[in-house]
Amino acid sequence: MSISVGVLGATGLVGQRLLVRLENHPQFDVVAIAASEDRIGEPFEGSVPWRIDEPRPTSFDHLTFDKAAPGELTGDPPLVLSALPGSVATETEPAFAEAGVIVCSNASPLRMAEDVPLVIPEVNADHLSLIDEQRRSRGWDGAIIKNPNCMTTTIALPFAGLSDLGLDRATIVTMQAISGAGTGGVFGIDIVDNVLPDIPGEAPKLATEPRKLLGTVTAGQLTQHPISIDAACHRVPVLDGHFATCFVELDEAYPPSQVRAAIEGLEGVNLPSAPAQPITVIDEPRRPQPRIDRDLGAGMGVAVGPISVEQHRVSFSCLAHNTIRGAAGACLIAAEAAVDDGYLD
Amino acid sequence: MSISVGVLGATGLVGQRLLVRLENHPQFDVVAIAASEDRIGEPFEGSVPWRIDEPRPTSFDHLTFDKAAPGELTGDPPLVLSALPGSVATETEPAFAEAGVIVCSNASPLRMAEDVPLVIPEVNADHLSLIDEQRRSRGWDGAIIKNPNCMTTTIALPFAGLSDLGLDRATIVTMQAISGAGTGGVFGIDIVDNVLPDIPGEAPKLATEPRKLLGTVTAGQLTQHPISIDAACHRVPVLDGHFATCFVELDEAYPPSQVRAAIEGLEGVNLPSAPAQPITVIDEPRRPQPRIDRDLGAGMGVAVGPISVEQHRVSFSCLAHNTIRGAAGACLIAAEAAVDDGYLD
Amino acid sequence: MSISVGVLGATGLVGQRLLVRLENHPQFDVVAIAASEDRIGEPFEGSVPWRIDEPRPTSFDHLTFDKAAPGELTGDPPLVLSALPGSVATETEPAFAEAGVIVCSNASPLRMAEDVPLVIPEVNADHLSLIDEQRRSRGWDGAIIKNPNCMTTTIALPFAGLSDLGLDRATIVTMQAISGAGTGGVFGIDIVDNVLPDIPGEAPKLATEPRKLLGTVTAGQLTQHPISIDAACHRVPVLDGHFATCFVELDEAYPPSQVRAAIEGLEGVNLPSAPAQPITVIDEPRRPQPRIDRDLGAGMGVAVGPISVEQHRVSFSCLAHNTIRGAAGACLIAAEAAVDDGYLD
Amino acid sequence: MSISVGVLGATGLVGQRLLVRLENHPQFDVVAIAASEDRIGEPFEGSVPWRIDEPRPTSFDHLTFDKAAPGELTGDPPLVLSALPGSVATETEPAFAEAGVIVCSNASPLRMAEDVPLVIPEVNADHLSLIDEQRRSRGWDGAIIKNPNCMTTTIALPFAGLSDLGLDRATIVTMQAISGAGTGGVFGIDIVDNVLPDIPGEAPKLATEPRKLLGTVTAGQLTQHPISIDAACHRVPVLDGHFATCFVELDEAYPPSQVRAAIEGLEGVNLPSAPAQPITVIDEPRRPQPRIDRDLGAGMGVAVGPISVEQHRVSFSCLAHNTIRGAAGACLIAAEAAVDDGYLD
C-alpha cells in the first residue's frame, strides 16, 4: 500500500530533510512538491541550492513545483506534509483540510488550538483522537495535525518520561542551532564568534506547548498539564542540534535510579521513521554534544546527559537534531501515526 | 576648518565603520545621514541594530535619516561619503555630482570609468587629477571619486611596492571575511564549518582594478598597467579581515632583500586617517592571521607575511581589515586626499 | 610614584592581556616577567606566539624571562601579578608571600581560604582587611590577594547590586568563551560547530565563590552570604566573552524599576583600571552579545540584558570579557585596590 | 575469507574513522588495536573520548589496547593498518615489516623512499610491485605500503585524470580542515574566526608526493613525473574536508570538453571501500563546499568544481574528506589493493 503525498514548502531546510526521508519511504509516495509563487513550474532538479549535509535525492527530479493550494497539487494527494512558513500556513493549511486533505504540519499556527492534535507519537499518540472533534466543530473532511516546535520536542521526550513522577516546574535554558531559523534566518555576521540571546517567540512556545503535549484527552476534551516552565532561548554557532539544560522540580523526592529509569524508559513506537529507542542517556560528563550526538538514531533520537538528582530537584542536558527529530522527522512520524490510526484509510 | 559631510548608506556595516571614524574627525563634520526609504525620518539612535565590534558613536543621536538624494540632505553638505549598495549608487551618485557635490564612494559602479579616479592615496593620489577631465566631459560641478574593491585594496598596496621591479603576471587566491558581503550577504547556515568558493563578481574586479590603480595618468589620460591577473575568491568563516595568497612573476629576477624592501618601503601619506606605515612585513611563518593582524594600524595597515623569492617568482600572503582599510577607511582617506588637493576649498 | 611589578605566567592568554594593560600603567612598572622553566633566559620579543587581538606591547622587549620564584625576579619587585596555572600557583604564590611580596593572583588555589581576600573592588574592597589576619596566622610579611573565577566575576557584579534586596537562591546557566580554558585548553576539533557541556570544576566555583564575595568581614572574620546557587556551565564557539543567563529568587517581591535600579546602580570605584560604570543595562531584546558587548568599558564593563521581574523572581543575561574583566583586569584592579589601601606603601 | 588485521594508533581521529570502516568489512577482521603506552591494557569501550560524527562501533568493545610492536598484538595479524604519528611510525612500522607483517600506513615517514609504494589505487595500483624490490633490498618478509598525505590525495585524483594531457606545472592553494592536524593539533583559540597560513611541513609534501604518484614503475624502478608544483597551505575553520584551488599548466592547449572529460573520466577500481566514481564534477558555481560535499561517495569521492580552461591553462577547485578519502579510507583501500594483488595470500 502506498499513499500519495504532497510536500508543501519543499525548498527550505526542513523541506530538504523531508524529501530525503521520503525518497525510499515504505508507505508514502511523493507525487507533488509545492513552493512559493516564484518557483511554480520550475523543475526540482537544479531549482534551489542544496544546503543540508545529506545528499540531494534524485528521485524527484521529474517533479515541478506546484502552487501550495488545494486542487493545485499534481495527483491530488490525500495527505500533505507541510514545512510552510507560519505566515503562509495560517491560510493554506485550513484550506487543504477543508478540501478533505490530511495536513501534517511543522508550522506553528494552530498548534495550541484545542481541537488540533499536537503530537509526538512516543508521548501522546492518543491525542490524534482530537481529529474527530476538529472535524465536527470545523466541518472539515480533512484534518490538521501538528508537531511541536523543534526545541519543545527535544525537552518534551525526557519530560514525558518524568511525568509519571509528577512534574511541578521547570527552568529551561537552550542553546539552539542556526538551522532552526531557516535558510536566511541568521546572518553569518551575527553568529560567528557570538551568542544571540532571546530567540523571538521561542520562550513562550517552550512554556506552553509541553503543557498541551503532556496533557490528557478524554472524550475529545483536552486538559493541559499543570507544569510551570521558565525558558530562556539562545542561538549559538552550531549548524544542527538543539541543546538544552533543564532544571526540573518534581512533586516529591525520588531516588536517582528511579528518575533515570523514568527518563530512559520512555517507550518507542512501531512506526517506520521512529527510532528504536527514543531517549539515550549518555553517562559521560561532557555529553551530549551537538556535533557528535545529533545524528543519534538517524537523527530521531534524543540524547540526555548525566542526570543529577537532589531530593525533588532533577537536572540534565538534552539534545536532538532540530531539523530531523525537531521538524521533518517529527512531521513525518506524526503522519505515520495518523496512518497507523486509520485516518488515511 | 571643518567641512560638512553627509554619509550615504549609513546603516550597513561599512556605514557603521564610517560613522565611528567620523565621530571625532579633525576635518569633517557629519551633518546628514541617509538611508533607504523605509528609514527616512527615523532617528539614528536605536534605529538599526549595531553590528560591529567598535562602540556605537553617540554624537549622531540627534540626526535623523534623510533621503539619499541631492537637495534632501540636512545642511546641504559639499561632500558625501557613500557606502551605498551598487544598485542604488548607479543613479544616486552621479545625481549628487551633477548637483555640485564631491562624492567619495565605496560602491563599485563607475570604478573602471576612464574619467573617474580610483584612488588609494599611498598608491596613486595623482589620479585625482582625472576629476578635471571628468568635470569637463560630464559637465559636472561636483565629482565622483572611487576607492577600490576591499580585496583589491589589500593586494594593491604590496603590488604597488613591487611595481618598480616590473610586474608581469599574478595568481591570487583569496580567503575573504563574511563582513565583505554586507549585513545579510552570507547566511549563517552557509558559512559555519564551510568554505564558499567563487564570490560572485569578485574575481573580475581583482583582475581589472589593479591595472587601473597601478596605471599612469598623463594629461588627463589614463594608461593601464599591463599586469595579467588570475584570481580565485573564497568566503571563509572569518568575521573581518580579507586574506590573500599571491604568486607574482616579475619582469626579471631580483634578490630577496630587494623584493622585500620594495614591498615594505611603500611610503605612507600624510592624511589624518592614513596609517604611519602602510605595509608591515611580519617575518613569522604562521602570519598574518585575520584575528590577530586585522587591526594593525587601527585597521588601516596591510600585513604581509614572509616573502618567498625564487628568481623572478615572488610569493607572499597579505591581509587587511576589509571594512576599514578595504572600505570605510579607504573611502575616508580618498576624501582626505581630495581635501589635501584642494578640491573642497 | 611608581611601584615595581613582576608578572608571573606572562606567556599565556591572561599574561598577554596583563602586559598590554601594564605597558603604560600610571602606578606600576614591570621590571620582571616569569615563565615556565623551558623559557627562562629567553627574551620577551619573539618568545611566544602572540594570540590576543590587542597589539603586542614592545616596551618589554628588553626583558628576559625569569624563574617564577622569590629571589629570582629581576629587580626584586614588592608586588607580583600572577597568571600562573593553579598547579604551579599552589606552591609558588605562598613562597612569594612568605618572602614579603604582595601577590595578586588570578589562580584558583586559596580563593576560598578564610584568611585570603577574594576581591572585586566594586563589590567587597573591604575584604582586603583579611590581609592582617592572613599575616598574623601565617607569619607572612607579604600577602596573597585573589580575584575570583572569570565566570563568577561576571555574575557577581549584578548579584552584588541585587544583594540589598535579599538574595535567596539562583540558577545560573553559562555559555563560556574558549579563551577561558587557556591557550590549549579547548581543541579546535572539539569546539567548532559544537557546545561542550560541563566545564570541569567550573560549577562548584560558581556555587561557592559568590557566597564569599557577597559575605561580610567583621573584625577579621568572614561570614559567607547564604545564597544557594545551582550552576551548569558550557563552552561555546566564542573566542572571548563569558555569557550567563541567571534566574534569581529574592527574599521578597520588588517592583521591576527597583530591581533594575539595584543592578545598574552598583557604584564604580576610583581606580586606574576600573570602568566608570561597572554595569550597563542594555534594554534591547537581543543583547548582550559576546562579539559586540565584550569590549564595553575597555573590556572592564559588565553588560546586562533586559531584566524580567515576576514577583520575587528576577531573570536576566549578563556578559563580560573573561580574560579582561574576568582575569587580567580583575587581578590588576585588585592590585590597584591594595595600593589604594596602603598595602604597598 | 577473512584476514586478521591490527590497527595501530586506534585512538586518534584517523584511528576512529578506520574502526568505523572496519566494523563490517567484507575482508578484514580486527583482532588487535594498539595505542600509546599509557593505554595498554585498557578496554576499547570508554577508553577515549569519541570525537567523530559517525557512531562509535561497539563490535570492538571486547578488545583491549596492545602495545604497537611486533609480537605484542593479540592474534598476531599478518596485516596492520597504521594511523601512528610520524615520530612513532619511523621505528615501529619497519619493525613490523621485518617481522613479516604487511603494513599499510597513513604516516609520512618513508613515503618518498624509492622502494616503498605510495599508492592511490585509482591512480597507481601498479606501484605495489615495488614491494618485491623493497623486500629484496631490505630483506623483509613483510612490507610497507603508504598512502599519500591527505591534501595530496585530494589533488592527485584530478591531476591523474589530467596527466594524459601532459602536466607541466601547477600552483595549488589549499584551505584545510582542522581534523587534518589530529585531535590536539589546532587549538580552538587559534582557529575560530581565523585563517592560519603555512601549515608546517605541508607544502613540501604537496610539491613532491604527486611526482611520485604520477610517476611510472618499470622493472621495479620508479621514475618520477616531471610536474613542478608550487603550493601554499592554510588551515581554515572547517572540521572536515580539505579544499584546494588549482591552477594547472598543460603541455599544450586543449578544448574545455576534453579537459573535463579527462578529469571526470578517471576510472574507479573494484575494491570494497572504493567509490563507484572517484571524481564528480559539480558544475554549480559555488561548489564544492566542505560541509555539503565532503561526504560524497561515503567520504571516498573527490568533488571538483567548475573547470575553467584558457588555452593550456586549467583551473578548478577540488575537495575531499581528509580523514576518510585522505587518510583512513586511503589506507584501507591501499590494503584492499594489496589483497587484490595477492600480497596477503
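Some points to look at:
Chains here go by letter, A, B, C and D, matching the order in which they are written, and residues are numbered from 1 within each.
The working rule: a contact is a pair of C-beta atoms (placed from the backbone, for glycine too) under 8 Å apart; a residue touches a chain by one contact, two chains touch by 3 or more.
A quick note: this is a predicted structure, and the numbers were derived from the prediction, not measured.
Between the interfaces C-D and B-C, more contacting C-beta pairs are found at C-D.
Comparing the centres of all chains, each the average of its CA atoms, the largest separation from chain C belongs to D.
Remark: chain C and chain D have CA centroids separated by 47 Å (rounded to whole angstrom). Look at where the CA atoms of chain A average out and do the same for chain C: the two points lie 43 Å apart.
Distance from the chain B centre to the chain C centre is 40 Å, each centre being the mean of its Cα atoms.
Residue numbers of chain C whose C-beta contacts span two or more other chains: 51, 192-193, 237-239, 286, 291-292. Contacts from chain C toward chain D in the complex involve residues 13, 51, 178-179, 181, 183-193, 237-239.
Listed in rising order, the residues of chain D touching chain A in the complex are 49-53, 55, 192-193, 239, 284, 286, 291-292, 295-296.
Those residues of chain B that touch chain D in the shared complex are 171, 173, 175, 192-198, 200, 230, 232, 234, 236-239, 243, 245, 247, 285-292, 305-306, 313, 315, 317.
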